[in-house]
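There are structures below to look over.
Consider the two complexes below, in which chain A is the common component and chain B and chain C are the respective partners.
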Partner chain A sequence: MDALVCKGITKVYGGREVLKDVDLTLEEGKIYGLIGRNGAGKTTLLSILSAQNPATAGSVTLDGQRVWENQRALGDICFAREIPVAGEGSTSLGALKVGEYLKTAALYYPRWDGEMARRLIRDFELDPRRKLGRLSKGMLSMVTIVVALASKARFTLLDEPVAGLDVVMREEFYRLLLEEYGESGRSFVVSTHILEEASAVFEEVILLKEGRVLLKENTADLLERACRVSGLEEKVNRAVEGLETHHGESAGRRRSVTVLLRPGERIPQDPELSVQPMTLQNLFVALCGREEQTAPPEGRKG
Partner chain B sequence: MRDNRVLTRSLRFWGRQGTKMALAGVSAALLYGVFFGLMPGGYGEKLLWDVVLLYEVIMGMGMLVALGCTGISALLPRVLSFGSGRREALWGLQFSYGIYLLWMLAQTALLAYVAVKAAPGESEVSLLLGRLEPAWGKTLLGLLGGCLILTGLSQIGGVLLLQTRVKGAALFWVVFAWVIFTAEVILGVGLVGFLAKGGAVWILPAAGAAVYLASLILTERTVDRCEVRI
Partner chain C sequence: MNESLTQEKSIYLQICEMIETDILRGILLEEERVPSTNELAKSYAINPATAAKGINLLAGEGILYKKRGIGMFVAAGAKERILQRRRSAFYDNYIRKLLREAESIGLDPEQVIRMIRENEAQNKEERDGRTGM
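Moving on to the complex of A and B:
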């Protein structure tokens, strides 16, 4: 199967290891959600996958061919990210008009769909004659989305595409993404912090934690085996003994804990135990948040 | 097939950048030149087209420097972010310098022709051309060397801008301006006078080739391993 594969990717910035020996295989025809806390290495990983950032160690291949300086592979990968137009790190993109920016993109993506770009520009009510520097954060996100979708690249990596978009536009983005995915079967990797809206879209979820891939799994399967067990501390402890637990919280005599069940495992039935299914967002907090929270006893709060 | 595509897009993108810069330079020269040339007492006894040509040369040098800086700090990251190869972008930028210099040469020649035709015998351009005429080959070599030096320096400035943002580039251009000021004003080493003498005919082209080659190696090393930040 065609795939974008990275093996043993390590990235060091000024002595700090941002990515640690990351192995990842992205198959064609899937929508992946790339999630992780700020600084987990999401943007760095996406930039390395698209050969826009050299890895300190490791390799990235597409269909078995190295991606670095490989024109064929580079034409099949689009990395769409936030367009900086002001402040530290920004270049002179602010003076560029939307239309000019898209014209450059059209030159460089071999399968660029000009008709789709024009339609999206119209739908998003963007003015191609307007300068990028005069666009709001949300509008800049729309330009990024236009590039991502119209590039028609086989592997499209979107870094925080919905940042700055209002809820209506976020819904619209996910609708367009699913529509394009349904028609073309392209692969998308979407990094986002807004998980509630995105979880239904992600076929697989990749969770990065402190520069490592903590899990890569089918979203539905993951949520099916995740649950939150709560009740009296001794009962909870007994019920989850030997299971994979995360993010325990205690308040007085009560305790709740997130459990990731492995095949064949189950929580023993007990009317005094509450076993709740989890959303992707709750699971993310449980896996990436601080371990073991203990609330102060009643009467000593605040 | 794929090579053709790379060539076509390089010609279209980088060729367009060089052409845009040259047209911006000549437009500004015409605008300022005509404005100041027609202003009473603005340039004393100078003729209109002499003033326009003076501006064209000044603007031309300025735009070359701007192309070097923005080419590396803004255009290269933009095309790399859209999946251009690094080598392709590096040579594309060099191509845009070439296109720019050809345009500038054509524009300068045309404006000089207009200046001479508009006031035969009176134009300062005629006098200058008369001084340079005996050694046209040497003059052109000198000009080529000057252009190479400027291109190389602007490319080094662009790399500094890319790597250190404002600080390194600012320091570089302050030193550059100081060297030019010292050479031109304090020591009185005028480029035209230098070219007219024709004695040290190989110094400028050799210095130009060395500076340009150094800047090319520096740019290649930077672009080859840099993280793309648009």
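Moving on to the complex of A and C:
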């Protein structure tokens, strides 16, 4: 039963349901991608999974043990998120030095790897004596990544770890993540908006939409059953009849539609239909973007 | 290796093809170790499970074989086997597509064959011209 499981998680903030009855099982030894639009509930879900935040209803368990106020379980789950350095009061960590922050983090995680933390700090060219409040957004992301990797937690949840990083550092991050994953077999959940470069890293993708899990599936399987069909409107409509379709668009006589094939289904072969594979990013837009946009048909003169 | 991956095609198939192409080009030699799934994962920034799927497919086809505790190796005769398979896949991958496109623009197979012959004649002329100089 090596798994982080949440059942019936609901979260209400100020009368608004941010998460709605979420069931999720995260297995040992996988990298999950958590994707969804802004406000879909990604950060809230990660903070509840790591018991940083109480759910309004539902339960989170690790190996069958409740996670909330459970010291042993909490040492196995690391929630790495943007460090709050700005803002007023005691929540601001801006005055803390990088080295001090890492020392504090080390106290939380029984398997903390101080050697790895030092190595990463050096590789990232971070100065341990620098105050967090003086770091750029990118450097703060690096500190968060150091904590995530060095925690050695069995389940490590990273909320937008690459948000402040340039493209070189983003690639570096995914390589470090894959290296650590390959050596340790830990589980990671990574939320990101930059899907192009991440989709090949995720073994499974979890798509949140308006507080619900819209799908949780092996990334390669999902992309294999997704396609974009386009052509003459009547032909397209006939070809996709009875199939699960999304995000149809018409322009003149042309129609394009995204199809998610179920087992055994296929698009009939027709040289006049274009059937194109989809990237995770295209599919995300098709599933989460605005509904049908129909351009008025243009009358052809002649 | 270290070609870039496209997003338009299954990644494990691209891994297969890249290893095969490396074998054809002599970048990987028969009886030589191929990169491990973790090495592939790191160098292409892909999930190790995806890399393993590609490696296992090649192992299933007898292109690679496993040496216990050491890793995956290129099988003897792998190069010939890849060539054979690519030749038989040539019909599906190229000829059928070619004829489908031809049909959709109103060219019949005879016309396509004539074009191929013309192309061959032209190439021959160019070759002869070059050697004649």
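Heads up, the rule we're going with is that the second predicted complex is superposed on the first by the 290 of 302 C-alpha atoms of A that agree within 3 Å, B and C clash if a C-alpha of one lies under 4 Å from a C-alpha of the other, contacts with A are read in each partner's own complex, and residues count from 1 in each chain.
As a working rule, contacts are C-beta pairs under 8 Å (C-beta built on N, C-alpha and C of every residue); 3 or more make two chains touch, one makes a residue touch a chain.
Please read all numbers here as calculations on a predicted model, not as lab measurements.
Aligning the two structures on chain A places chain B and chain C next to each other without any clash.
Look at A:E171: by the touch rule set out above, it reaches chain C but stays clear of chain B. Of the two partner chains, neither chain B nor chain C is touched by A:T25. When the shared chain is aligned, chain B comes close enough to touch A:Q52, but chain C does not.
Of the two partner chains placed by superposition, only chain B is touched by A:Q71; chain C is not. When the two complexes are laid on top of each other via chain A, the two nearest Cα atoms from chain B and chain C are 27 angstrom apart.
On the side of chain B, the complex with chain A involves touching residues 2, 5-6, 9, 12-13, 70, 73-74, 77-88, 165, 225, 227-230. Residue ranges of chain A in contact with chain C, taken from their complex: 31, 171, 174-175, 178-179, 181-183, 196-197, 199-203, 219-220, 223-224, 271-272, 276-277, 279-280.
Residues of chain A that touch chain B in their complex: 47, 50, 52-54, 69, 71-72, 74-75, 77-79, 81, 83-84, 88-89, 91-93, 104-105, 107-110, 147, 153. Interface of chain C with chain A (complex): residues 5, 7-12, 37-38, 41-42, 44-50, 53, 100-101, 103-104.
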